[in-house]
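In what follows, structures are represented as structure tokens.
Shared between the two complexes below is chain A, which has chain B as its partner in the first and chain C in the second.
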Partner chain A sequence: MAIIHDGMSPFELFRPASVDDALNLAKRLGSDAWLLAGGLDSLERFKDGVIHPKTVIDLGAINELRGIRRDGGDLVIGPMTTLSEVQHNPDIRAHFALLAEAAAEVASPQIRNQGTLGGNICQDTRCWYYRSGWDCYRAGGSTCYAGEKKEGQNREHAIFGIEGCAAVSPSDTAPALVALEARLVIQDAKGKREVAADDFFIGPATNITRLNVLRPGELLTEIRLPATWANATFYFEKVRDRPVWDFPLVNIAAAMQLSGDRISKARFVLGAVAARPWRLPKVEAAVAGALRSAIAETAARLAADGAAPLAHNGYKVILAGNLVKRAILGTKEA
Partner chain B sequence: MPQNDTLFTPRLTGQNYTTPDLRAKLTGTARFAEDLRAEGMLICKLLTSPLPHARVSHLDTKAALAMPGVRAILTADELPPPADSVTDRGEVIKASPWAERALTMEPLFQGEPILAVAAVDEATATAAIAAIKISFEPLPFVVDPLDSLRPGSPNARTDGNVWMPAANPAEQAKVGELKWSKADFEAAGEKQLPLGKGGSAWAYGDLDGEMSRAALVLDETFVTPNVSHQALETRSALAWWENGKLHIAVGTQSTIQTVPAIAKWLNMAPDDIVLISEYTGGGFGGKGIASVAAIIPALLAKKTKAPVMLRVSRDNEQAIGRARPSLIGRMRAGFSKEGRLLALDMFVVMDNGPYDEQHDATTSGRMASLLYQPRAMRWRGLAVLTNTPTRGFQTAPGGLQACALLGPLLAKAARKLNLDPLAVCRINAPEGQAPLGPPQTDGSLNKATSAFVKEALDQGAQAFGWQKRQLRPALKRPLRRGLGVATGCFVAGTIGFDGLFVITPDGKLRIHSGVGNLGTQSFSDVQRVVADAMGMPWESCEILWGNTGKHLAWSCVSGGSQTIHAMSRAGFAASLDARTKIMEIAAKSLGGAPEDFAIGNQRVFRKTNNGEGLSFAEVARKAIALGGAYDGHECPNDVNKMTKKSVAALAGQGLVAVARDTFRHDGQTFSFVAAFAEVEVDTETGMYRIVDFHTQADAGVVVHPRAFAGQMGGRSMFGIGHATRQKWFYDHEHGLPLSRRFYQTRPPSILCFPEKFTWGSVGLPDPQTPIGARGIGEPPATAACAAVLCALSDALGDDKFIRAPVLADTVLAAIEPGTWRPATGLAANV
Partner chain C sequence: MNTSILETIRPAGMTRRQFIKSIIAAGVVSSSALLYSNPVGAAPKTSHGAVERLITLNVNGQQRRVDVLPQETLAQTLRNKLGLMGLKIACDRGECGACTILVDNVPHYSCSILTHSVRGKNVLTIEGLARPDNTLHPLQQGVFDEQGFQCGYCAPGFLMSTLGYLKTNPNPNRQELAHGVSGNLCRCQDYDKILTALMRGAEYMRKG
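Up next, the complex of A and B:
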């Protein structure tokens, strides 16, 4: 059979007005259904002919999935809240500026107006082999063209956690949520469960076909930011080829609790270096109790510990170290 | 042209105004080809090759044709053979057996169309393609030109891998096989282009002698990128047949010039084609005369007896939308101690793609000769075929690459000689009727009509503050500052086209323009000259454009920055014809001789008695009454046959003004730009910002400042994109492209503009054209690309990168060499 790219197959569109309706639809339709948030990732994949959903459940009319509110000590963000809203929300900017900064670095203003926080963290990888429909492991095939082939083009691929697949998570906001110890509420027709952001994102060793734990029929309904890191010292930086409208080559989200210039505790998370946001526990351990200026170089050397760069992405090793150093010192230059 | 000075007072020319298409574009009422609808319209989709080179070994369309709603399938065997071309001078150019066809059973690159399906809607067409049973016999492929030159390597085509130059001028170039030896590659090493045999060549001056006298000789290799055109409007096309005539709506840069191209591809008479293209959403050379895919809906419309819309997706556009070829250049350049370029030995290998020979390689030599004025020069060029998308003209084809190859080389020479790079640009800048290669048959060089590049450099340096910027202290780590200056140039005008307008019985001026509306505003801007020459208020002028059914004049291709020059001349020629006819009519009506009358305030009057005269409305009515040449029943012999056809159709509608541009023109017309860039490079991340950018044009008289500014900005960004981000990535093992979406090919957006951007213009008129205007579309791209590369070299140091664009990983590799393996080598696509 011929393969046609850029031909979107027809699908049945549902636009429920409540989470319950969406979940009932998702249950009834099973794996034939595709949950659509802002559509920026999904529609491109439909057009690419990489996926052919028979039905699409558009979450855009569900008001309860939108907005930012307080619930006890948590700040609760609806996953359908746009990235622009996250970027500009006063509460987020005042207490969790890391997330606001990360959201502000996504793509372009137009995309941030349409794209949602939930969509941004649930988006699939941008591995150019996978997105072009190559029969790689992630797509159900038998190789990783970027990581296992001698002439694989892998400048934008993983340096950590390559276990059968060298694809990376392209999200800017996911590392920020991991750094902030966000908890994600997942709901299906049977009920709710809450997952730490650390555990929400998964690598190929856990499941090579997905980047997160969401299963068919499940819906992300809340993103909860606990007070743990509120008002901490934050650092977000994104390195990319194009100054706007680009995915990260590497990004970093860091949260530090300081006592004067001394770091009492910290979380460092790199993005676009693995299939999931990549925490740096050795760096976190090294900096705990240390003066920022004294530990920066040491921490930088630990940043890429365990990295296994591919033929064309060794620069990410250098970037990881430099970004950790800059995060600790709080010096963003370009 | 001094003799016409009294006939042309610029009142509108040089002023900003609202173009006639602006409101429609701003309000969204402008209709591009894909916006059009026709009753019973079918949608056409393409089945394209998944392989870089293959032969279709099995094709079964029965199941697809049996699907409800599927109306027809078009295959390559149904295409008419392409016709030979006949030039305006009557020369016959035989149709090339290596030319691209609209469909093929032997695709030469991934994404090449094999067949087309017409169905009642897009979903049905898409499903039908998925239902087609097709098998391929894979054939050898190559996606890198140097790979194809290695001993024993595959060829992109079964009959060869390079374009062999014609043995004599009467012959056409042919595809043949050429391989270099292992020793050629070994002698060059990894970072220099091998100096293998083959290709075209020309030379002038005493190359060896000048080289031996040089105080500094540099031997540099540099790689420019393959870059897709990526116009926002894909090349969708709607076609239908009516009374035996083909009506086709398609985005094209050149309205009337597209008609003979489609006629050639369909092997039919141009008279039977009506082309509609009121708005075109970007071309950049890739839609110069539309493209061969436009005939697919035409043939399917004939087959199905229904209107057919070929819907070209973004994925299709990436494959068939044309691209600039990469040049791999090796330049040996000898400089005097003052920085004068004494000798230039330039060899370029071009990634030609699989079809017609591209001219970027040739043009790169020509532009280098003009822009840097080497006393002696040798140029060699080799077009190597690859299984990558068809190439085409793209903004300053060959000129941009020449500047990318040589601009940084001049800056390096300045550093080596301890000179100011600005001074080196200036000492080598062309001046006046500057000479350029290649040599003509008698050994003499061609010459430019004029060049005021030194003025552009001086004014630009002043505006940018070049000298002051050099004196500032270095930035604190990890930032580094880089300053770059470069000159650029490209062709900026042609001659010999037709102007046509009608003064109607209501006293209005109706201009029939064959110029395409590709967004540059030139289709309208050139008519300001007509209004000025006729002394008409702009509100009394109507422009008909974008539909050859409206009887348009033969106009230049709207590419290569020709239009403002060529069509202001043509419009002025028609204006002179109108003035002659008006005064003759006045003499016939009021008595006396034509020279007794003058024109002004939309009337003709006796010089000795202003009150005695005729309004233009009265003149138009009298022209109709007189007939003959006055109202278009007779037409000058020297205008193009398509203009003659239009004049015949307009006969009797008023005073018909029609003329071919025969104004004097001594030399070849080029425009020039001097560009200045400051970058700040973050050595820890590899990211950099263009914090300030100034570009100063030498493009003659500015006809429409706002449009001029748009070109200076937009085309500078075009060049900056080449320097900073745009490129192809290929999987070499499978021969398939990996960067196909905008987010992967990374064209610059409005948000990528330099933080500060300014422009200026020398504004000195070109003495070889009546209005003094030259084109400005292309040159800003050339200088901008080179200036940014120069600034990056200044920041990072010499020999830190050997290819454009300079991405973040390249910068990091320059800062910490040896820490990893960056994408090095001379491959065109990595």
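Up next, the complex of A and C:
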């Protein structure tokens, strides 16, 4: 019979049935343990032989990590809820359509059927130097190949916050969660803590080897959407090379509270332009109190404030401005 | 007719497919470790929550006992141990759709899901569509009538994706169905005819 050369290295597999069991395992195994959500990001890297986990903790059998429920004023989403469930959930569609739209734009139907919201926001970067196992800063090495001036292949890389690493966050749902001021509950064997989505995602200046604040032994257990932005006016758009599978070149998630055509307050978040979802505070300040049609052009010019594009990704600066304009006007025709 | 090496060694009267299946059936117990280029360690310790190797899967309505490694994908188990060759392992990275199967009626890439994670669930592959008397499933009949595929390599994946999508929307328009099967690729670029055939199959399914 054929030999399968593409198989993954052997690992020990655990399928705990509760959060407590998973946390105890994670504590006991420490950095030897790899937490597996939908598995689409992880299995690819195991097969590529870039990561060889000794032990995998599959979270798929933990029912308490699944599902969408109301808790007081919050809508609580279990991180193991699939992207398809997020996309089709009536409560999310009715009140937080921004997140449903973002989930609907991820990858392909089969991937949304298996990929989870928690996995989508915790997935690692797609920088091919890093994923191919190059010894870059993010991998503990001593350079950033993508940012290298002459040879760096950086069409898909960052234009903001490049401090030693030009990798970007590839998530479509993460910018939506930041725009909606989601709060993320993180648990370990000792207890739980809650962080704002704004603070959950981190750039290379904070930690060059990680895209979020999760530490070994910790587990994301709840994604909470407060009522703050429920039923606001939303805009999500993802620009990519092909309409299925692709990660964003740039995406935008915007939430606006309007009175008539006037914006009272708003949040604008770009994805795939930095290692974390990139908020646009200058745009948010400029649009507050302004008429949508009057402020769109001015705000668009502020979108790429502080951008430092690399050799091959200057187009992202233009995209960022145009996406901000479209978000404010609420039309893909703008 | 070409005589391949396989032809010369298989017993007279057996089809190629039957022959391959008989080899798989005979080889499962003794050789599962040899399938993999990496050495497989001793049986896992019975740590709390660790998976057992010998498990029962519900595949196409049958209970199948099978020895599954922790790192084994469902595509490997179905093809190499249960002899279900309809699904194809093409990209092995969840980027083509040729390995699509249904788990509890929902389409998944079987190359990108660990076999252990489908314990207790119902797995359906293309082999489970036709009736035992070989009457085609209406979706298969539609594809057959329209001759929707060129080489057919991607067909099992497309059919399983369609079947899963039709559970959520039994009466789609062409555009909706195209979006429903957008996670499957055809390298013959035969999409127009494929969609016509799948639409025909969906129509047959609605008629029952």
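For this structure, a couple of remarks:
To be clear about the criterion, the second predicted complex is superposed on the first by the 324 of 334 C-alpha atoms of A that agree within 3 Å, B and C clash if a C-alpha of one lies under 4 Å from a C-alpha of the other, contacts with A are read in each partner's own complex, and residues count from 1 in each chain.
In this text, a contact is a pair of C-beta atoms (placed from the backbone, for glycine too) under 8 Å apart; a residue touches a chain by one contact, two chains touch by 3 or more.
No experiment lies behind these values; they were computed from the predicted model shown.
Superimposing the complexes on chain A yields a three-chain arrangement in which chain B and chain C clash. Of the two partner chains placed by superposition, only chain C is touched by A:56; chain B is not. Judged by the number of chain A residues each one touches, B leads among chain B and chain C.
Of the two partner chains placed by the overlay, only chain C lies in contact with A:39; chain B stays clear of it.
When the two structures are aligned on the shared chain, A:47 is found in touch with chain B and with chain C.
Touch criterion met: A:315 reaches chain B, while chain C stays clear of it. Once the two complexes are overlaid on the shared chain, A:152 sits against chain B while remaining clear of chain C.
Using the contact criterion defined above for the overlaid structures, shared-chain residue A:15 touches chain C, although it does not reach chain B. Of the two partner chains, neither chain B nor chain C is touched by A:27. In the superposed model, A:265 lies in contact with neither chain B nor chain C.
When the shared chain is aligned, chain B comes close enough to touch A:240, but chain C does not. The clash between chain C and chain B in the superposition falls on 184-192, which is one of the stretches 112-120, 130-138, 166-174 or 184-192. Shared interface residues of chain A (contacting chain B in one complex, chain C in the other): 1-10, 44, 47, 108-109, 243-245.
Taken in their complex, chain A has these residues touching chain B: 1-10, 44, 47-48, 108-109, 126, 128-129, 131-132, 145, 149-153, 155, 237, 239-247, 249, 309, 311-315, 317-319, 322-323, 325-326, 333-334.
Against chain C, the residues of chain A that register as touching in their complex are 1-17, 21, 25, 36, 39-40, 43-44, 46-47, 56, 58, 60-61, 84, 107-111, 113-114, 243-245.
Of all residues in chain C, only 23-24, 27, 31, 34-41, 44-45, 47-51, 69-73, 76, 80, 92-95, 97, 100, 106-109, 112-114, 116-117, 161, 164-165, 179-183 touch chain A in the complex they form.
Chain contact summary for the complex, chain B toward chain A: residues 45, 47-48, 50, 122-123, 125-127, 129-134, 313-316, 478-479, 680-682, 684-689, 725, 729-733, 736, 738-741, 743-744, 746, 748-749, 751-752, 807-809, 812-813, 816, 819-823, 830.
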